[in-house]
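Read the structure below first, then the notes.
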Amino acid sequence: MVTQPRRTFLDGLLGLGFVSTALSVFYPVWRYVIPPANAEPATDSVVAGKVGEFKPNTGAVVKFGTKPAILVRTSEGEFRAFTAVCTHLECTVQYKPDTSQIWCACHNGMYDLTGNVVSGPPPRPLEAFKVNLRGEPGQEDVVISRT
Amino acid sequence: MVTDALLAWLDERLDLSELRAFIAKKTVPVHRHSVWYYMGGITLFLVGVQVATGILLLLYYRPSASEAYESVQFIVSQVEFGWLIRNVHSWSANLLIVMAFVHLFSTFFLKAYRKPRELTWVSGVLLLFIMMGFGFSGYLLPWNELAFFATKVGTGIAGAVPVVGDFMVRFLRGGDDVTGATLTRFYGIHVAILPAITTILLGTHLLLIQRQGMSVPPSVEKREKAGEKIPAEPFFPNYVLHDVMWWYVALAVLAALALFLPWELGKKADAFAAVPAGIRPEWYFLAMFQTLKLIPSHVLGFEGEMLGVMGFNIAAVLLVFIPFLDRRAADGRPNRLITFAGILAVIYLIVFTIYGYLAA
Amino acid sequence: MATWQRRLRALRANLKVCPHVFAAVFVGLVAAADRAAAQPAAVTSCETCHQGQASATLAAPVHDFRGTDVHRERGFTCVSCHGGNPNESDKARAKAPATGFRGKPTGQMVIAVCSQCHSDATLMRKFAPKQRVDQAAEYATSVHGQRLAKGDTKVATCINCHGAHGVRLISDAKSPVYASNVAATCTKCHADPEHMKGYMLPTGAPLPTDQRAKYEKSVHHAAMVSGDLSAPTCNDCHGNHGAAPPGVGAVANVCGTCHTVFATKFALSTHSQIFDKGCVECHNNHDIAKPSDAMLGTDSAAICATCHSDGDNGFKAAASMRAGIEKLKAAIAHSQGLIASAENAGMEMGEQSLNLREAGNHLTLARTAMHAFDPKTVEIGTVLEEGLGLTSKVDAAGQAAVAEVSYRKTGLAVSLGAILLVVVALALKIRTLKSSE
């Protein structure tokens, strides 16, 4: 009869519709439950890299939350971390290996490796962060955290 | 074919013959007002959406004052489709409350609460209160500025209840002020306590509806009693398909809202910041809030706020017990007073919600 | 020979005392001071008599000396500075010339009395090894010292700034020469028009008395008041004991002790040869306001326009530098807006926020580079270009984020289409079910 093929076509259409809507619901859900690249919100701590990436008497600026942080490895191999936001006019500081001090290029502010101001215009010392090593010996992650 | 084989396998073990007969025979009346039958179904669908998106959000959300805001930000910006899940959850919550009210008022005006469906009504009204509780507790969870202060004001109002007011405030807040303790408590209420109560109430509500079938308006019942045959459609597959169709419409609305009107995250809550100007609760509490603002501070020697809060509590109790107050409905007789009160309530809610919006 | 040494010799001569006796008394006084340090000071007859006096001028010193006083705490007494016999209760005998009594020192005598200890390195080493011992020598080079030598007694001496009785360490917050109190101490005289009447600038104009009022409007005062004690006050630019205004050509060096980068650039610029007043030419000396970009440029509000006119190289450079800075500022603002709207739509823009911060740093660097006053605007041009490069990188990322949002909307449109398909199909299905009954 005439109604039979129409019903099958309609059923087919319905089936297609159900499947495609189910897909458009389950595909996002599937992608959602797979953990993203950064596993955690990086507010209170961030992994700066592997131990081996940081040579002694070098510094590196990393993203910590919404602001930059500076990680310094002293000549003795010890890790120190501070906010990289200069307390004068908020320029990003950098590490100066020749004097082993933290330097702000904007107005020549100098900080020592405890974050205290040595010379120049900065009115306050740099806020210090904690650095911990985490993981397999020799391949640890360097973790900067606020507390 | 697969489904048939599956059903046969289950039938062998559970004897579904009674259930299958029940469903095959079940019909739903069709008349001028039968479109309102779908309102409850849409509300149920939205509850399902809330449970699903809520569970997904649970995978990444952190209920502590120092991490809540950041975890929601993380979900929205880092997790794939996190923005979609979160926005659907927020929008579905609001749509759910709207549909719950529509469902409430349609069953009210169609007098579906009359005998023998009193318990269906009671469980339904309690469910409405639970849903508003979900909204209130969930609103705080992103721990943003607006939510923080709205919760402060809202929980403070509970203190206006005489005798138990102070206890209630401390119980809700987990302390004297809104702090991280409040957040954890609200989280527990939102994901465990209220869902448990909902399961029981919703289960009861649905079971009663299945057992008793759909109510018909008094006018249709009169025609039925006079001997007229009221047309009906089979529950399965007609009504079910019709219901599913409306669910899909709701889904389309949700998806569009989630993308074109994304929910803002706002600023992180700071307990020591000044209260932002024009702070107000979510829209479904706005009518009550605006009313409380208008009551003078002292009326006849009583504190105005206390009178307002007690007034709302009394109204809520009356709402629960409507089936027992409207005795005439059982006989199918109209009750001008109840209908009038209902219309007044609708007008009051709409006007004061708009008023509350404009006043802020 | 320093003035104070001359004065000491004159004192000796005036007292008509045998030089040997004088020397003995002098040495005795110093020795007494020495010994006194080893034991707590006993109550002197000076105090006993003076504290009971009706006149406040006579009684107050005892009260003040008995409060917080750095000299008393180290065992020095009235006689250490005033001479006299501390054990003699009879006034005439206590103040006999033979005792070395010199009453209230004034003018050059003050310098002589203070420096009898404070310029003696051997003595000072016993009490404050790191303290300098050249204050008197410095003072002699100052405007105050030079005028005092000419006989002007209105100028400040040691006690005008440090006090006489109740002298506190300079690290004591209540000391008149504690960093945040210096301005008030200096302007006790310098802001008093009556006191300053008759003093002239080298140009012949009267010495101004509004320095404090101006300083309190300055960004240095604001820093001091907010707790940064390293902020400059009067002595940081004028010197302590050798106080004098920085001379021509020295201003930039003085400012440059803190503002090193600007001073270096300025020193190499053409302006350093032209500006008599160095940094002060544009920034003022006492009312140094927070600088703004409006100071640079060629419009009426800009400072450049006071010397430069249309057509000259400076005019062109000023115009281009200001235009460059404004361009970078606008680019940063635009990028910030783009990032904000992308974030609101759910895109993660943290990396771009950092880049934008770096662009802001370039703006700061540009404002520094400007002080090279290079007609070819090489350095500032490079810095600004780098900044603009950063903002365009951020813009690109922002556009990509906006595109992603559009892509999501397309994805949604597709799934909406699927949903509507189902709705329509269901409606039709229901219709056919109804009709087949």
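The letters A, B and C name the chains in turn, as written, and every chain counts its residues from 1.
As a convention for this text, contacts are C-beta pairs under 8 Å (C-beta built on N, C-alpha and C of every residue); 3 or more make two chains touch, one makes a residue touch a chain.
Everything quoted here is computed from the prediction, not taken from an experiment.
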| item | value |
| --- | --- |
| Winner on C-beta contact pairs when A-B is weighed against B-C | B-C |
| Most centrally placed chain - per-chain CA mean versus overall CA mean | A |
| For chain A paired with chain B, centre-to-centre distance based on mean C-alpha positions, whole Å | 40 |
| Between chain B and chain C, centroid-to-centroid distance (C-alpha), Å | 64 |
| In chain B, residues with contacts to at least two other chains | 78, 82, 84, 248, 251 |
| Contacts with two or more other chains, residues of chain A listed in rising order | 21 |
| Residues within chain C bordering two or more other chains | 415, 419, 422, 426, 429 |
| Touching residues (chain side chain B, partner chain A) in the complex | 52, 56, 59, 62, 66-67, 70-71, 73-74, 78-82, 84-85, 248, 251 |
| Chain B residues touching chain C - in the complex, by the definition given at the top | 76-78, 82-84, 87, 233, 237-238, 241-242, 244-245, 248-249, 251-252, 255-256, 259-260, 262, 264 |
| Residues of chain C touching chain A in the complex | 223, 228, 230-231, 258-262, 350-351, 353-354, 357-358, 360-361, 364-365, 368, 414-415, 418-419, 421-422, 425-426, 428-429, 432, 436 |
| Contact footprint of chain B on chain C as seen in their complex | 343-349, 408-409, 412, 415-416, 419-420, 422-423, 426-427, 429-430, 433-434 |
| Residues of chain A touching chain C in the complex | 3, 6-7, 10-11, 13-14, 16-18, 20-21, 24, 63, 65-68, 89-92, 105-108, 120-121, 123-124 |
